[in-house]
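Both complexes shown next keep chain A, but they swap its partner, so chain B is in the first and chain C is in the second.
Up next, the complex of A and B:
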């Protein structure tokens, strides 16, 4: 059975969520600047943009996050960890590409040997209400990356915008707990059909033709290729593609201190920064933009697949939209696939 | 919020299982300069909580993140051996913010530690084999751990011949000088110490490590080689090992990279798909051969 949520009930629905959960949803900070934020008033929620500027990962892996605070008294340090999540959380309005990305970085942060409790605690406490993508943009290529504008994997509930109402799909056990929600009504057959039409239309709109199959194997042979010289020529190393990438998970750890107290903080970091791999001795294994852009592409399309069996790109298009020099990762993918390898000459 | 006072109560063992980012409290027991250039200092730490001491098990070649509150963390190979109970030693090169603070730190000061991290030397593979240990400069720290471990009466019969070639630029830059003298007197270890340039008091060998290796010419039969040193030493020593017919599978080294988390999350220490912190820092040349030259 499928459900619907009338738009007139949307704000009361959000209000009811906030009683039980910390609600995170897209808000507009300024024109075109849409991010996830903890919602204080349902009015703040703004689902008008195709996708947020900063990805959903930020709710689990904030741009800057305190790991613990310490205070020194005498010779002792009292350490207070900030790993606990006090309330259950709901993320509302996450796009399928971002949810795919969360599933990918889940594997990094959960891990066999060590659990990153800061990420995992938030993740476990969170119910994801996805928002199907009815108007994919031209840089979107989720359909090429094992996803799609209506991809359901990872969503606990999925909302589909029908105009006057949202069609609601309950997809997981967490999702099923919403079955008796007083704002959900049974969807009519015509509404279900209309959702199907929207899905077909949106799916046709996203590019599913990008040739990604076999890219990992090709890159195995391209580490020393002159190709990287060309790739890096355009890049000014501003790092925006890595910060806004929903699968980039690198971070730096620093102490911020006053005299007797302080905190250890982790901040998003980027492999495109020269300091990222710079060692204290002065040695830098990635001394130029060539090695750094290579690292970015190799990590997504070769190293990550080796470790986790999936390409670490979900086709959200952010690195294409926000790149100041119009670097297009789709072009890079095509060039890798079309490049002539040593053994093919 | 979980709050705990480092000095009291609280089972850090459980905390470590839960949160690998929280440092275990330790206290600086001893600190002494190792080298005449005053750049290398060995610090000895002991656990504040008995429980932590009991829960801390490591093998030679593993490392820790040392934490100076307010300054940050940095990774260091463990220089002590698991057979030296109750304390941990690190030899620290004064280079950046954390290491400079550690050089100045007073005995009795509290620091934090996370670890043991990384894989360590392949101790199982070394069983019943000859071990050739080649070290240069201050990369000798985890090699000291390895040597001390195998020289312990309980472990000496685990391996056959132990040959150590250790070189520094000058006699004053050699680490663990007293121990080198002790080892030199023993019959169950063949120790060759060399310097690039001697001084008026130096009566030992003068020569570069690769040349000394050629001269000593240990057999590669049934032998594992472990080599740690500056890149330039490794570059010229490696061909000599090849000439002695050491296969890549039986040459091990320990790599350094800029690290932060130490547990394979923060991303920065990768070489290809492997992370130096989690999949290393110890690698065989057979492994390195298959990885990109990204270090």
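Up next, the complex of A and C:
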């Protein structure tokens, strides 16, 4: 059975969610600039942009997060941890590409070898209400990256915009708990059909023709290729592509300390900055943008597949759209696939 | 804004009309001349590489292009989307002879960098382009509903097309703020000019935006600044896009002494933007590259333009206009005004 949520009930629905959950959804910070934020009033929620600037990962893995605070008074030391999540959470409006990315970094933060309590606690407490992508943009290539504009994996509920209402699919156990939600009504056959049409149209728009098969193996042989020197040339070495990437997950831990108190904070970090790999001695094993650009591409298309058996890119297109110099990772992928390797000469 | 825009414009209405009529022609001619010059420089081995612009992979975009062989020169283009200040690349190319495509503002950055002895003599060959002002791609995107899939220019129009629409926009209504007020469009320093010098006039008064902003109360101004800087994600794109930001270690990255933390607290974000702007005093050409690079669309040039204006008022100095006069903050004279010390 499928459900629908009338748009006139949308705000009351959000209001009711907020009684039980902390609600996270896209909020517009300025015209055309939006991020996920904890919602205080349903009015703040803005689903008009097709994707936010900062990706959904931020809800689980904030750009700057206090891990614990400490204070010394006399001979007393007090340490306060911040790992607990007090209330259940809902993310609303996440796009399938961002949700794919969350599944991907789940493997890093709650993998076999290591569990990151800060991430995992938030992740466990969260229900994801995905928003099907009815208008994929031209820089999007989710269909080439094992996803798609209506990809359902990872969503607990999926909303499909029908104009006057949302069609609601309950996809997991967490999702099924919404079955008795008073704002959900049974969807009519014609609404289900119309959702199918929207899905077909959107899926057609992302053709999935980017040639990624075998890229990991090619990169195995390209560590010292002159390719990196050339491809990095126009990159100015900022961090936009890594910070706005839904799968990039590097961080740096620092102590923000005063004389008798302080806090340990972890902040997003980026392999494209020189400081990232600089050692205490001053030596930097990745001294130029060549090594740093190579690292960015290698991590996504070679190291991550080696460790987790899939490419660390979901094709959301953010790094293409927001790059100040129009570095286009699709072109990079094609060039890697077309390059002539040593053994092919 | 309209009234002052009108006053300035009516003075130059004839110049503007002539310019609009010749836009198409001059863009094509400039592009051809850039390619010609690039071929000549490369074939004579006068330079190791040319940095210019190539076709972007998205509508309304061009992309910096690095060219080393004759065959590639036909990839060089010129249009209203060549928005980057390419002189920012020179810092990592000190061992090469570079042919660089520069607009008026970019050439000013080069002069400012020369004062700071960033180049060896004869290291650069500047291909100067009299600039027709650049189009603000975000402004265009916001003006139409739906995704723009194709865009091109025709005379004084920008024609944008999507799946089910075609819209014709007036180019002049979609220029970058820094370009609207520009009065140095013809490169002051260039080894060759690939186009006729343009008549220098602003479409809005250069510091009009700042003047309007200054009329607000200190509280309102601070609120605006707080709101703008709060969006910062510390990606450093403004710093990296700026040709004047080349410190071996930026104050942001220094850990000893540590000037600021690495998080997103308002005081750190505000501190960063104020210090970055102050470091540009008397050095900023007002090219707007910082603002164009910002993915969060922070109005960064409010700060830098205010400082540019102050430097003009206090020292009668504009960055990169004069290759002889040293920038006021890197020199002193006994007769300098000393009011600020009192």
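Methods note: the second predicted complex is superposed on the first by the 342 of 345 C-alpha atoms of A that agree within 3 Å, B and C clash if a C-alpha of one lies under 4 Å from a C-alpha of the other, contacts with A are read in each partner's own complex, and residues count from 1 in each chain.
Basically, contacts are C-beta pairs under 8 Å (C-beta built on N, C-alpha and C of every residue); 3 or more make two chains touch, one makes a residue touch a chain.
Note that the coordinates shown come from a computational prediction; the quantities given were computed from them, not determined experimentally.
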item: Clash or fit, chain B versus chain C on superposed chain A; value: fit
item: Which superposed partner A:271 touches (first chain B, second chain C, both, neither); value: first
item: Dominant contact partner of chain A by residue count, chain C or chain B; value: B
item: Contacts of A:289 with chain B and chain C, given as first, second, both or neither; value: second
item: Which of chain B and chain C A:63 touches, first, second, both or neither; value: second
item: Partner chain in contact with A:10 - chain B first, chain C second, else both or neither; value: neither
item: Touched partner set for A:253, first chain B, second chain C, both or neither; value: first
item: Touched partner set for A:322, first chain B, second chain C, both or neither; value: second
item: Distance in angstrom between the closest Cα atoms of chain C and chain B, superposition on A; value: 7
item: Those residues of chain A which chain B touches in one complex and chain C touches in the other; value: 252, 254
item: Residues on chain A engaged by chain C in the complex (per definition of touch); value: 29-33, 53-54, 63-64, 135, 137-139, 230, 233-234, 236-240, 243-244, 252, 254, 256, 265, 267, 270, 273, 275, 288-289, 320-322, 324-328, 330-331
item: Chain B-facing residues of chain A, complex; value: 67-68, 70, 72, 75-84, 108-109, 111, 113-118, 223, 249-255, 257, 262, 264, 266, 269, 271, 276-281, 285-286, 291, 295, 298-299, 302-304, 306-307
item: Complex contacts: residues of chain C adjacent to chain A; value: 56-58, 61-66, 84, 88-89, 92, 138, 141-142, 147, 149, 230-231, 233-237, 239-241, 253, 261-265, 289, 292-293, 295-297
item: Contact footprint of chain A on chain B as seen in their complex; value: 1-7, 15, 18-23, 25, 69-74, 95-96, 99, 108-110, 112, 256-258, 260-261, 263-268, 270, 272-273, 278, 292-295
